[in-house]
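Order as written gives the chain letters A, B, C, D and E; numbering starts at 1 within each chain.
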Amino acid sequence: MPSEKSKKRPVLVQVETPNLIPERDLGTIPVLQAEHLGIDFGGLTAVDDFNIAMGHTEISGLIGPNGAGKTTIFNLLTNVYKPTRGTILLDGYSTAGKSVTEVNKMGIARTFQNIRLFDQMTVEENVLVGFGNAMSTHLLTDLLRLPKHWRQEAEFHEKALELLDIFDMRRYADARAGNLPYGAQRRLEILRALATGPQVLLLDEPAAGMNPAETEELMENIRQIRDRFKIAVLLIEHDMSLVMGVCEVVGVLDYGRIIAKGTPEQIQSDPKVIEAYLGKQGVK
Amino acid sequence: MAAMLSVRDLHVSYGAIKAVRGISFGIDEGEIVTLIGANGAGKSTTLNTVAGLIKAESGSIEFRGEDIAGVKAHNVLKRGLALCPEGRRVFTHMSVAENLEMGGYTRSDEENRETLAQVFDHFPRLKERREQQAGTLSGGEQQMLAMGRALMSRPTLLMLDEPSMGLAPVLVEEIFAIVKQLNEAGTTILLVEQNANMALTVADRAYVLETGTIKKSGTGAELLVDDDVRKAYLGG
Amino acid sequence: MTRLGKAASDASVAYRRLPMVARYAINAVLVALFLVAGEALIGVKVVSRYQTGVLEQVGIYIIMAVSLNIATGYLGQLPLGHAGFMSVGGYASAIFITRMMPTMGLAAKDMATGSPAAVALFVGGIVFGGLCAAVCGLVIGIPALRLKGDYLAIITLGFAEIIRVVITNIDSVLGFTLTGGAAGLTGIPAYSSFLNVFLVVAVTIFLIHTMMKSRHGRAVLAIRDNEIAAEASGVNTTYYKTLAFVVSAFFAGVGGALYAGCIGVMDPSKFGFMKSVEILVMVVLGGMGSMLGSVISATVLTILPEALRAFADYRMLAYSIVLILVMIFRPQGLLGSYDFSLSHVIERVMNRDFPWRRRRTKKTTEEVQDA
Amino acid sequence: GGGSDTGTASDGGDASSIKVGVMGPYSGDVAQYGLACRNGAQLYFKQINADGGVNGKQIELSVQDEKGDATEALNVYNKMVEDGVSAIVGDVTSKPTIAVAQASVADNMPCVTPSATTADVISFGDNYFRACITDPFQGKVMADFAAKQGYKTVATIYNSQGDYETGVNGAFVEQAAANGITLTSEQGYAQGATDFNAQLTAIMSDNPEAVLSPNYYQDTGKIITQARQLGYKGVFLGADGWANIVGSDQDYASPEDLEGCFYDSSFVASNDDERVKKFVEDYKAEYDEDPTNFCALGYDAAMIVAAGLKAAEEEGAEAGSDDYRQAVIDAIAAGTVEGVTGSISYKGTGDPAKSTLIITFKDGAEEIFDTISA
Amino acid sequence: MQILNGLQLGSIYALVALGYTMVYGIILLLNFAHGDIIMVGGYLSWIVMARLGLNPALAVLLSVVGCMLLGVLIDKIAYAPLREAPRLSILITAIGVSYFLENGAQLVFGADAKVVPAFGDFGTVSVGGANLSVTALIIVAVTIVSTVVLTFLVQKTKFGKAMRAVSEDMGAARLMGINVNNTISFTFAVGSALAGIGAVLYCMAYPQVSPTMGIMLGTKAFVAAVLGGIGSIPGAVIGGFVVGFAEVGASALGLSVWQDAVVFLLLIIVLVVRPTGLLGRPMTEKV
């Protein structure tokens, strides 16, 4: 079972590979594959016949007008919504019938469009909650403060700080997450998702509310995360500079259906996409 | 001509946190003025204070020659000053139509019928979804609803707090087009934006806010080419 | 691109910390000192019998408040049936101990002597009481935790009322003597003393503390702060909600067990909704999620009605006014979510980090915010 | 009035006074009983002080509220012991009284409860006495009375969460069976219930000749009113919880509805007995209201305590000593007190041997129907 | 016969539950003091009729107006300062107010129950052979009328919509030009007036008032409101009747000792099957 496998999977091992080219179509199983995915809300078909196959270290983008169904797709992929139709395979295993928690343990982590942090907890604690998947002490061990408890706490304290370093956030480690500036909150959410040890990271509008300078830095960070941990990233974004700058493949969604797919360049010049989404300005 | 809205030496705090530290600015009738600045600069705090949601610590806010500092939000609105708040804040359990109806709370039914038609012209999507529960709208749809709702009170000064946040590029364009349109139709506009590029393009004048104080001001065109501004807010 | 926050990390290295062993040792010594001093003062009658009695109740309500705080302050739910668990624990332990006494050759007055058999029976009794309450917590928790907010509140209230009706009626229905029915359970030996009540308080606080400062506790807090995000971060929300609820019920049962041994009578009608509310008031008044807050407000609110005796007929009126005023002027509770740590205070002293010298450090945090 | 009018604590009071504790619920939902007992007891002690006190010493009262809660009752008890009381009048309701009774054994503190009727109360030690008769005794009295009246079918309706009500009900049901009376239905209700129509409708489907309502007067008032509205014409039987149902300044059930019903009690204000008449007069003069059963029991409990103290004083025991307390207990156990609720004496237990009155309602007034001697 | 019993009891629960639901609907407060407001209403009726010997109509008027004012006053003094505070703090304040009213009433009126004189001699009517109490019929009728009026008020009037807007987002409601404090006061006035009506009906059916009478009545009505889906007006009414019938039904089946347990068990079953009560709107949160 994948969940058992993923339980044992060490988190955040930095994979040393010189080759950073996405391994699309290399004959390996896609890390994430969805087929004919669809969901209806009452009469509204929010998503219909959505297909995706992602390579293990691919950065893909999902764009589309407001209300196109992008966030809904994330909710389907993480089993927050049960799909009306279609299948989702993670590393070849179906996620059907799994709880949100189990899907996360299988290897899909996400952030939210409207930030959802553990506001009252510290930044480090937020990350440590994510590390929960990798921690293994029994309740009694913790209650009685056996040596194993101390060893594990120390180990993950270090790991958490290392992770925070990615976004240069170590200095915030003891701050309350809810008190962080907006941009830092968005970044912390990404780190928390990373801490759960995913194979696929879903980012819902990570650059929302960031100014262009911050966005640029974020772009760099996303690449860096992919390179260090060798995971796939799927992101939703309205900020075209980010999408065009970092994504290797982009899908365009409108009214719940994919209307175009391809490299950023292809998308940018697709008249359908310009009409439905980009507008004249979007093409800069 | 005296400014329509003039804010002088405004200070606002949340407990120990000083969010706004003595800012002064003015808006003339018919202008589009924008406030830009980084996260946490105090932009929303300024708008909320003008709208009467937050109490100022000190300073004066004059609207059409009348001091409105300390006037309650519902009375501020009656003077013709509407705020479309950050984060949309639509009434999630009410339908789109009911949300718009609430927007016209201080207006007569007849006036509302007219305004509603205009709002639906600006935002056809809202017309399509008039019976949908607002909470289930997508982010962009909710933003449109929030703007439409603010318009329902027929304000003379409309304050918009990050109206383009989370919107598709084509919609951002649309929103700014609407902003211009509204302005041309006679509504004075105070715009707070993260998307400084667009904001400066449409604005007559602009103020740059940094940690609760005004760092720079000028016409939109001036600031668009200002080096410091470009570096900090325009990513170039 | 990763620039390391150099200054900040230097600062954290420079800050001297107490080793964990020392922290626990200091606290253990303090608890021991408190117990020994208390016993001695009672022994020489500086602390009178009346005061000792009130102190024992203070200890019991501390356990009730900190245990409810798990479900309320830490898990973020609003259970209104805590008194139900208290009564289950009280009855279970009282029945267990009274039934076991003959078997173990103990008489009622031996329970106070501290002989090994009595101690074993005492421990067995309160653990048994706690376990029975925990089982009820499990039975209640499974359906209740599917609900949110006020619906959870009312369903727990409902369960507690059912527990009360059951305790009142099972004797007459099943035809044997177990709970004493409406007449109550009487003749419970006085097995709670100042010493063992406060020993149990210390153990309870220790265990709750260690649970909360571990991955399990963090999972519970995460659920409180944002359940959807917790689920998406791999927290098994069903498991941890149930766990928090059951642990909360367990300690409530322990509190009830001590109560039975302290008062000597169990009256089912006293464990209704109002008792649950009384405990909830302690938690909220102290500050949700603050263990020290719960301890302080349980102490104050237990002593307050006694202290207000001088107001005679007006004392309950005075009590209610105090309640309203405190909430109006300190809506976040006496301590908010602040929790006291002696070790942190000692560390501050070690690092000469005093409030009057903090202006400089504060400025740096402001700069951090502005950045 | 009330409150803690204690002086500073000193063992046994000073030479010129004797300290006595009076406890009960003076706030909370059973406060009316506590207050009634307190008024009765205070009246008696006031009178005895006016007459020169006990053995020339004034009685000094420590009056404490326990809200009807066992925990507070224990606190109050401990406080009183510390304040050096020589005896206690209290507690009032059963559970707090039991808590106090259990704790008081070790101190051998003489206590007289005016009104705790549960059988248990006096079983923990020899130091506890009560002024009232017990629940089971009342149930038995009424079952015997029902048999004597020749009722063949009876039903009961009682508060199933009250110890008093279940106590009387249980004994009645048992004795009724022994007396060959058919119990058609036994209906419980919850504490605080106000609507009894459902239970009464169920009872009336068998149309029993009599219905026992062993509840307090407030509930019984509603039960009888609702039953009559539903058209029930039979007899209602009750216990001393009924006392106060009519008279004073308001009627809990209309006199017509009560006509021909019976209850047992040890006190009725309309009694012709000279002692009762004087008590009623004195009480009215002091508090400007009619005394209830509880007032009378409080008064008698105080009388019993005073008699015990008098004997101990005369024996010359040292106030506050073990001997003194034992002397009080011995004197109470051996003596007889002519109280306003009858002649009270103890025969080896803390339960009094005293006569019981069967009271009925005739032409809108209470009247003694029978006296059942001890 | 038992059906009318259930209707009468259910009507009173329903009316009280409506008050809970109104207040909950707007500020998400479980107004623990609601039952005690009814108690005060009961005493007002008693004062007018028993103490002053005045007309029952005056008693009805004074109870309703008195409760209304009391409700608004409680809001202004105890709840309004806490609008921005955590919800639990207001809950505790409500508990404080509840204690205050109970103990205050006991000091003023004494602990013992007072008998409220009859509002009139209504007798019975016979319908199809059964004797029906007119009092019970009046009670049922008043409840139905109150529900209809209230539903209209909340769903159709501008003021009602303002109430809903305030309940969702006070800040946004202010921006719409809604006077939030007035709206909340109005809600308390309506909810407490319902308590006043409830008090009168209660005294008609069970003519006694005592300082603690609000506790049990309040708890049952609270259960009714939750069972129906708290915040929902028709839900409160249905909940009231369900609780009324459950109690009567339990007694009719010979389970009278377990009456309370039956009611709460029913509540639990309903909530397990429908986590937001019979008519409560599902609490979906868009992710």
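One rule holds for everything that comes next: contacts are C-beta pairs under 8 Å (C-beta built on N, C-alpha and C of every residue); 3 or more make two chains touch, one makes a residue touch a chain.
Predicted model, so just to flag it, every value in this text is computed and none were measured.
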Greatest centre-to-centre gap (Cα means) from chain E is with chain A
Max Cα-centre separation from chain C goes to chain B
In whole angstrom, the CA-centroid distance of chain A from chain C equals 40
Cα centre of chain A to Cα centre of chain E, whole Å, reads 49
Separation of the C-alpha centres, chain C versus chain E, in whole Å, is 34
Averaging C-alpha coordinates per chain, one finds the centres of chain B and chain E separated by a number of Å equal to 42
Shared-interface residues of chain A (touching two or more other chains) are 71, 80, 112, 181
For chain C, residue numbers touching 2 or more other chains are 165, 169, 172, 228, 313, 316, 369
Residue numbers in chain E touching two or more further chains are 103, 215, 257, 260, 287
The chain C residues in contact with chain E across the complex are 72, 78, 143, 146-151, 153-155, 157-159, 161-162, 165-166, 169, 172, 228, 273-274, 277, 280-281, 284-285, 288, 313-314, 316-317, 319-321, 323-324, 327-328, 331-333
Interface with chain D, chain E side, in the complex: residues 1-2, 5-6, 8-9, 50, 103, 106, 110-115, 131, 133, 202, 205-208, 210-213, 215-217, 247-252, 254, 256-257, 259-260
So, in the complex, the side of chain D touching chain E is made of residues 27-32, 35, 160, 185, 187-195, 197-199, 201-202, 218, 221-222, 225, 229-231, 250-252
Residue set of chain B touching chain A in the complex reads 38-40, 125, 136-141, 143, 162, 165-174, 194, 196-197, 231-236
As the complex stands, chain B meets chain E at residues 51-53, 72-74, 77-78, 82-83, 85, 89-94, 98, 101-103, 105-106, 135-136, 149-150, 153
